[in-house]
Amino acid sequence: MLEVRELSKAFGGLKAVDKASLDVAEGEIVGLIGPNGAGKTTLFAAIAGFHTPDSGRIAFAGHDITGLAPHQVCAAGMVRTFQITQPFARISVRENIMVGAYFRTADRREAMHLAEAVAARVGMTSQLDRQGSDLTVAGRKRLELARALATRPRLLLLDEVMAGLNPTEIAEIVEVIREIRTAGVTILLIEHVMQAVTSLAERVYVLNQGRMIAEGTPAAIAENPEVVEAYLGHGAAKVLRA
Amino acid sequence: MLDPQIILAGVLNGLLAGGIYVLVAVGLTLIYGVLHIINFAHGSLLMLAMYAVFFLWKLSGVDPYVALPIVTAGAFAIGFVLYRGVIGRWSHGKDENILLITLGVSIIADNGALLFFGGDTETIDVPYAGKIIELGAAFLPLPKVISCAAAIAICLGLGLFMARSDTGKAIRAVAKERQGARLVGIDVEHIFAVSYGIGIACLGAAACLLMPTFYVTPQSGYAFVLVAFTTVVLGGMGSFVGAAVGGFLIGITESIGGLLLGEQLGQIGISLIFILILLLRPTGLFGARA
Amino acid sequence: MLEVKGLRAGYGAIEILRGVDLAVGTGEIVALLGSNGAGKSTLNNNVCGLYRPFGGTVRFGGSDITGARSTRIVEAGLVQVPEGRRIFPTLSVRDNLELGSYRRGRSGRQKNLAHVVEIFPRLKERWTQPAGTLSGGEQQMLAIGRGLMGEPKLLILDEPSLGLSPLLVEEMFALIGRLNAGGLSILLVEQNVVQSLAIAHRAYVLEGGVVALSGPARELAEHPGLRKSYLGH
Amino acid sequence: MRNAALAAALLAALVYPLLVPNYLITVGMLMFFTAFIGQSWNVSGGFAGQTSFGHAVFFGVGAYTSTILHVSYGWNPWLAWPVATAMGGLVGAGIAFLSFRAGLRGSYFALITLAFAEVFRIVANSAGFTRGGLGMLIKADSRFENFQFATPIAPYYLALALCLVSLAIAWWLTRSRFGARLVAIRENEDAARALGIDVFAEKVKVLTLSGAMCAAGGTFYAQKYLYIDPSIAFGIDKSVEMLLVTMVGGAGTIFGPLIGSIALTTINELTRNAASVFPALKNVQPLSLVVYGAMLILIVARLPDGFASLLKRRHA
Amino acid sequence: MAKKQKMPVSRRGFMAGSTALAGTMGFPLIGGAQPAGVKVGIIHPVTGFVAFAGSQGRFGATMAVEDINKAGGIKAMGGAKLDPLFGDSQSKVEVGVAEVEKMNEAGVAAYIGCYQSPVGIAASQAAAKYNTPFLIDVGASDLIVSRGLKNVFRIKPGFGVCVDQGIEALGAMNKAAGGVAKTAVIVHESGEFGTGTAKLLAGKLPGIGIAAKELIGHDNPTRNFDNIALRIRSSAPDIVMMSNYQNEYVLLARTLHQQKVNLAGMFSVLGGGFNYKFAKEQPEVSQYMMDTNHWYNPKSEKAQALKKRVEAAGKEFTFEVYLAYTVVGLLADALEHAGSADKEKLTAALASSTFKAELMPYGPTKFVNGQNEGAKAAVLQADKGDIKVIAPAEFAEMKPVFPKPKLG
């Protein structure tokens, strides 16, 4: 469904993403992990049309979407969320989600229904009338998810929806994401909370210093010495194996 | 067509006028560079400083050049307090809020001046106002030569201060890296207020240099607002060198444009330059990419 | 020396730290570990006065500095070398270092400059260059050098190895060890778990805003929970 | 409850001119007219968050377009009105296209609109077809079919109608997809983009709408006062006035500009009248503008959503 | 009644205020049977850009009202007092119109105003709806009296007359000086007033043998006249004519002086900054500058006395003051003739007025389409910090100095 080939993006002299490639098949949950500053968010932004890649190609559902603007990418059926949540602060949760819902309909009533339905799916029904700025972290993360879902995407790009949540909240949102997938939405997620990635993703890509260094099942990845080193530091693989 | 001598004189006039633009723009660009705010009250505060010069002269007979240190220091104090008490405290750090607050300050300043000083045109008559330095076709009025030279000297002094002193370095540090500045123990809010104060102090100096040849009314700050904005975007928002080069460029452009196209269209030139730079090269000549 | 008790903190309505206890003794290196988003930087920022904590106390050198301004905290001798270095890009290397003694250690400026140059001879070569043009490793040296200029009693190093080549990472850890050997207390915030644990005396692992593991570094290195915290297994 | 209050207010507005002297009718007309042009600012500045310092550019384009068509080409002003409105929209689209294509936001956008207004002012001051600085005089001929009115009542109702239309537009913005998108853009441009909003296109659209509304106000003004010149039409005073009433009343709310306009017009009339009753106070008039300025600062500082938020708070 | 009130805090302040109030508004402090006053709306821009001029106008009108009331009010109406309502147009058209509406409610018999032409145009139009006479005290644009409005009266000369008079005087001076001046440059502000005057001047100059070499427009405000000085020097005209508002007028004069532009004369028509203040504060700059402007009749004792009074009050005797004063006199005269404050009668009385504007160098008042055909401007020259009338001859205080001595 999503094909990224040899994508590069540099800022100034710094290569944030360096010839990274990845594939996501329809119906999958795929994880993208990597240590701090690996370039994950930049890669996401490039896929979603927020940055124009310097080189490389992105295809979605068989169409080349390289260099398209975010709204065009969204129209193709792919939508992203943000690592730092960006709620529309001075409007209600319902109205927040409606902004997403309006992507598929111009009708206010329909958008409201859709928004409420989505809110129910992410467990926000009780918070529909709250202001965007009044939400807790967990609430914001859910809102981020709900708004994106309301555009009825085929592929969701989730950027660290679990960062900053406590274990209970994580467990809850993992459940929500599973259900979203069950409902037929493909998911690519950046995540640091490894338990979550492990329990959710079928496959995981590892990005380090802009380069894709590994790909495989979560279990295999956790054993991959290069990944362990990237995460835990030089010499870690040897130490841990011992 | 015009005599090359006249053109040369026009360039010299432009340079002289540019000196003041530089001073006004340096204050604006400093405030922008450090605080990342556009000080919409710049013109009004210049006007207040000009009234200060006028009243010092009228009531106590203080020559504007003698008044320079007094007015500059006073302007610094007012800028510092204004930032601490109003702008910094009430803007909640939002760009648009600051713009609106400085707009509010300018409305208050303009009408306050009208309230207390009246709407009349006030000038001061200093004995050296009519002195001229002849340079070919150019007759350079002594006060303008002095003002330009003083403006340059003040800018150089300010540059030196920024380069050498701890406070100057702290200002430059805060401009680019607030977090880092806090972590070495720089009081960032204090530096903001100091920077705003210095920006306004530049206006104080400019007022002293302007008054021997200019006039003051509650509206006279506006004459310099758009020019200062244009100078700053031309030079690059926040760029010290840019403001200096930009000020002289604007002075000369305006001068030559006025000579060739007529003064009225010369003014449109300022606005057009402003628009074109913002549209085509928002970083200006010397600005760093945002 | 540093004592954090029940610290709760976050941004706006968002609570990130949910009651953290942590201490650094005189002469110690303490490692603070945890994956991204665990709250390490939030802890740093609240300890150093960049943000005001929601609750809990922070004591340094015996006095309460909870919610104090960063100027006072630096003055007291608690200096942070932040993640991402946060050097002043338009200022020269020398000016960066001099500003390190803006609030504290001003009288010892010349002596300390010489000291820093001794530790990082590379900086001398770049003396008048704008700091923004330095390489990543050099910037990290500069950031640490700038921190040292303030004659800290406790130095917080936030991700000093981030973005450095493996060789430089080795060097960096060796250096941290040397600084500590010279008597400086250090709180080391790292994701480079193995090397951090190798030089630290004690360590804490943050997870979801609370301390998940803590203890002597050697013991933690063996702890199965550590690996799980990072890699999920 | 709310509807009843609104209906009562509307009724009051409708019978108001039948009960009060002409002077108060004129003041009422000014309130509604200022609320109308304030609302034009609110559409782009309040709902979409694109602060403009140069809205007078649209006002002036509207005033000049209809006046030129009427005076120089003999058009009936009623016919010239929609053309002037469209011109305002066109200029709005043009300025938006250039500014937003260049990626200008926040203060930069505010300043460039100021500069555009200044350019238009200088052109109007120099060009032949605007009669330059002499200004344009519309021949007095007080007939309704000529868009001129013998009594203050007709312009009052017309201004009221304009104000109602603008309220309807604002109401529509709070209930429509377009409005939701504008608010999203105001609150967070990046998030709006991620949710499939073509931010650039929506911004161009809203400035087109805003420009058209403001230009319609310009024509109304020209026909009411029968004289315009470059400073009246394109001067910064008008721009600031639109911004002030909206900010004070509550940017991004339906009734903000109206509330702001009522408040500011009232303060203004009171201070002016105070001065007429007590000549000893004659120099006090600038004080009203000092008060405006202070209110602006206070509102930015303490009431980011303007006076309207006070009402809302009480409701809640 | 004021005396009965107890003012716990500031009795003196209150008393002072109420006395001033009563004084200015012509209310007697001690009651008695008085005929109803005649309400007059006096609208000036006392705030905003031209607040100074506006306040001057209001001051002049206030004095006139006081004088008339003190002298027994309108005798034909049983000594009815003038009852002024003061309005502030804030330099804004819509505010000026609102003032007209408001004062109409109060039942004013006539309006006086408005200084700025745009405000005057709109305000008098609004007054026309109520058929209320509108007396223009200052307001240069001839658009004001070209609209066929029956209620508008302007006692002072318009553009056209001032220009003609100025040109005539300049022609005569030039002839007397042997035709030294052959070319002129006209510097004007680019607004309504400056542009209009400049066009008229340029059209008429050839008639007196002077070629208009260049028309230089400038914006308000202009920061710097150095280049205009340069251009003037490069085209080397014999005279510079200027037509602009106070700030720019003063700045231009100072700049030409500083830049040592050598001219036979500087001549303006309705020069915005040519007044006592300028002459006094900038004696060197203003020396021998000439202007055609509204001016009082220096030979009139009444005018001289008024001048002393104004100066004693710490104000300047500018044309706004005595024009407003004169216009109030015109109104009182018309009221005497009409014998009533009835608008129709008053309008008719104004239209047929033969009021003798004693303060002014005017002939008998004669309104044609609302313009006083008897109005004349005076040609003035600054001399050692003072201003002297040099033409028309019957009012002249001194002989013109033309060409002026070359600069050293």
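Think of it as A, B, C, D and E in the order they're written, each chain with its own count starting at 1.
Here is the rule we go by: a residue touches a chain if its C-beta (ideal position, glycine included) is under 8 Å from a C-beta of that chain, and two chains touch if they have at least 3 such contacts.
On a predicted model such as this, the values are computed, not experimentally measured, just so you know.
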Shortest chain-hopping distance from chain B out to chain E: 1
Path length in steps (a step moves to a chain that is touched) from chain B to chain C: 1
Pair joined by the larger number of C-beta contacts - A-D, D-E: D-E
Far-end chain from chain C, centres as C-alpha averages: E
Whole-Å gap separating chain A and chain C, where each centre is the average of the chain's CA atoms: 30
Distance between the centres, which are taken as Cα means, of chain D and chain C, whole angstrom: 54
Inter-centroid spacing, chain E versus chain A (mean Cα positions, whole Å): 74
Per-residue multi-chain contacts in chain E, two or more chains: 47, 51, 55, 190, 217, 219
Where chain B touches two or more other chains at once, by residue number: 111, 114, 118, 264, 267
Multi-chain contact sites of chain C, meaning residues that touch two or more partners: none
Pairwise chain contacts under the document criterion: A-C, A-D, B-C, B-D, B-E, D-E
Partner chain E, residues of chain D touching it in the complex: 21-27, 30, 122, 125-126, 132-135, 137, 139-140, 142, 150-152, 221, 224-227, 229-232, 237, 268-269, 272-273, 275-276, 278-280, 282-283, 285-286, 289
Sites on chain A touched by chain C in the complex: 35-37, 133-137, 140, 160, 162-167, 170, 192-198, 209, 218-219, 221-222, 227-228, 231-236, 239-240
Partner chain E, residues of chain B touching it in the complex: 2-3, 6, 9-10, 13, 16-17, 111, 114, 118-121, 123, 125, 129-130, 132, 137, 139, 141, 144, 213-215, 217, 219-220, 222-224, 227, 254-255, 258-259, 262-264, 266-267
Touching residues (chain side chain C, partner chain A) in the complex: 10, 12-16, 18, 35-37, 39, 159, 161-163, 166, 169-170, 190-196, 208-209, 221, 227-233
Complex contact set, residues of chain B against chain C: 166, 169-170, 172-173, 175-177, 179-187
